[in-house]
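Shared between the two complexes below is chain A, which pairs with chain B and chain C, respectively.
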Partner chain A sequence: MTPVEAVLLVFVLATAVATAVLRDVLAVIIAFAAYSLGIAVVWLLLRAPDVGLTEAAVGAGVTTLLFLLTIAKTVRPPSDELFVDVNLPALGVSGLLVAALATTLTALPEIGSSSTPVATSRVTNYYLDNAYAETGVENAVTAVLAGYRGFDTLGEAVVVFAALIGLLVVLDREVLA
Partner chain B sequence: MIAALADRAYFVAAFLLLGVGAYMLIGDRNLVKKVIGMNVFQSGIFLFLVASAFVTGASAPLLTEPAPYVSPLPHVLILTAIVVGVSLTAVALGLIVRIYEEYGTLRADLVEEVGDGE
Partner chain C sequence: MSDSTGTAADDRLEVGAERPPRPYVESPIIMATVRIVAPFVFSLGAFVMFHGADSAGGGFQGGVIVGTVVLLIAIAFGIGPTREWISSSLLTLLVVFGVLLFAGIGLTALVFGGAFLQYEVIPVYEATKYGIELVEVGIGIIVSGTVVGLFFALAAGYRDPDGTEGER
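Coming up: the complex of A and B.
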């Protein structure tokens, strides 16, 4: 845990809490964009550059745009107060969720240890040893995404297609007709 | 105890993000903020998985870099999940625009009230 990582985690958590407590929807969307950008940098520090790029483009970019379009088409409730009122039952439920998850914490492996189940997994080592020889792609993430788990990615494309059709139906637009 | 927490700080952060996301999903009345809460909840899960793939001192899974590497598999799963998450957000926001056209409000409690009255 370096100081940079600690500061970044605090930033990410602070922006996440800001999205929850701010009342103005536009302010929440801006806080969420900052949150996405922060977490994109977290992906870089965790040596996941592909995830970081996708998060920055899709999370901070496209998602923020979708939210802004939504409030442009609907309403941004006027607000005099800066923060929302705390909803105690919801706070209790989410507190219980965090407490239940926290009980598993000591059973989890230390982060960064080279003997974690993920790092020593047969699947991980198969991909790292054979990805280049079998697919000719130097980026193991691309090799797994488009090669070994290609059907998974096909399913993802089906989901995006279905979402687009669903969106056209819901909004009653006939752009393709 | 403190050392155990520091070694697992990313997991702690992931759990807290799940808590914040769950709070927004359950507690906030504004539908747009519920969807933002869903996104925060999702990225908490992503943080858990990517952190579990991390190995100190290892390179990103680019085979031109020197070994050892972090595991590429969680990264692939998260890439797929991010794109699916955006599709989900897009459909949810489309439904919200329609709800606003029908009910004239984005507050979940008022939408329920109008629905009961009909």
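Coming up: the complex of A and C.
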């Protein structure tokens, strides 16, 4: 583990815990935005810049603004305490879940290993070998998303559209603005 | 939008014990910053959207960044005026146009005897490449319209049963 990765890991863990235990909602939103930014850098280190861009734009950017807008329209109970009272049974359940998931860590392959099922899969190598020749698109991720898997992506785009309609239904409004 | 009752400094995102907090405070620093930053953010969003086929990014990421520009402007210059500037019908038209563009490209392939979204049967130069680019633009339009729409709809809030809007 390089020093950059170690610092990033500590940062992500610290902001995640801060998101959970801070009492003030504004502070929680800021901690959550910092957490999203840290995760975005983690995606970059894992060589997934497309996902990193999404995490930075949606997680750290838009979601934070929507949360801020929401708390600006609601009333926050005043309190002098810095942290929430930790619910011990809930903490225990969370700890057990983390421990159970942690047992699978040893089964994971090395980061960047060339012998993982994904890297050796026939489908992956077909995409990597033929994406440019068949679609004329240099970014293999885009070739898969919009080319080979275009129908799935149409479904995703319609889901985004449906989310907007759903919010209008929830807010009992007929126009967006 | 900028009713100046009470001191401007202490009521931004403040605990609303007596009066409801106002989400907008006119700040020359924020306005000047957004004025400078917005064109660059918009360019980045357009680049990520249009260049997504050849570098990291794509319609989804680019659309979010483009939508963020409107959010920045709304935060700096007030949500109400920005909402009037971008009319509701324009937003709705944009989002619907994006969905129809994506679905329309798929149906065009059907017209030329291929499968749904089978770009290469469309008799255009490099049909697959430009089909993918156009689909990415369609996704970008949907996502940017949705981000802006979510923001404005949340800012407008729930419509009360007695007909009064939760306007601010």
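Throughout what follows, the second predicted complex is superposed on the first by the 175 of 177 C-alpha atoms of A that agree within 3 Å, B and C clash if a C-alpha of one lies under 4 Å from a C-alpha of the other, contacts with A are read in each partner's own complex, and residues count from 1 in each chain.
Everything that follows uses one rule, which is that contacts are C-beta pairs under 8 Å (C-beta built on N, C-alpha and C of every residue); 3 or more make two chains touch, one makes a residue touch a chain.
The shown structure was predicted, so the numbers you read here are calculated from the model rather than taken from an experiment.
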Contacts for A:Val118 in the overlay, against chain B (first) and chain C (second): which applies, first, second, both or neither? first
Is A:Leu66 contacted by the first partner chain B, the second partner chain C, both or neither? both
Touched chain A residues, chain B compared with chain C: B
Using the touch definition from the top, say if A:Val160 reaches chain B (first), chain C (second), both or neither. both
With both complexes overlaid on chain A, does A:Gly95 touch chain B (first), chain C (second), both or neither? first
Once the structures are superposed on A, label A:Met1 by its partner contacts, choosing first (chain B), second (chain C), both or neither. first
Have a look at where A:Leu13 lands relative to chain B and chain C in the superposition and call it first, second, both or neither. first
Given the touch rule stated above, what does A:Ile39 touch, chain B (first), chain C (second), both, or neither? first
Is A:Glu134 touching anything from chain B or chain C once the two structures are fitted on A? First, second, both or neither. second
A:Asp50 in the overlay: touching chain B, chain C, both, or neither? Say first, second, both or neither. both
Just which bits of chain A does chain B share with chain C as contact spots? 49-50, 54, 58, 62, 66, 69-71, 73, 75, 77, 138-139, 141, 143, 145, 153, 160, 163-164, 167, 171-172
Chain A partner, complex, touching residues on chain C are 13, 15-17, 20-23, 48, 52-61, 64-65, 67-68, 71, 75, 83-84, 86-89, 91-92, 95-96, 98-99, 102-103, 106, 116-117, 119, 126, 128-129, 131-132, 135-136, 138-139, 142-143, 145-147, 149-159, 166, 168
Name, in rising order, each residue of chain A that touches chain C in their complex. 26, 49-50, 52-54, 57-58, 61-62, 65-66, 68-73, 75-78, 134-139, 141-143, 145-147, 150-151, 153-154, 157-158, 160-161, 163-164, 167-168, 171-173, 175-177
Within the complex, chain B is touched by chain A residues 1, 5-6, 9, 12-13, 16-17, 19-20, 25, 28-29, 32, 35-36, 39, 42-43, 46-51, 54-55, 58-59, 62-63, 66-67, 69-71, 73-75, 77, 84, 86-87, 89-91, 93-95, 97-98, 101-102, 105-106, 108-114, 116, 118-119, 121, 123-124, 127-128, 131-132, 138-141, 143-145, 149, 152-153, 156, 159-160, 162-164, 166-167, 170-172
Which stretch or stretches of chain B touch chain A in the complex? 4-13, 15-24, 26-28, 30, 32-33, 35-37, 39-40, 43, 46-47, 50-64, 67-76, 78-80, 82-84, 86-91, 93-98, 100, 105-107
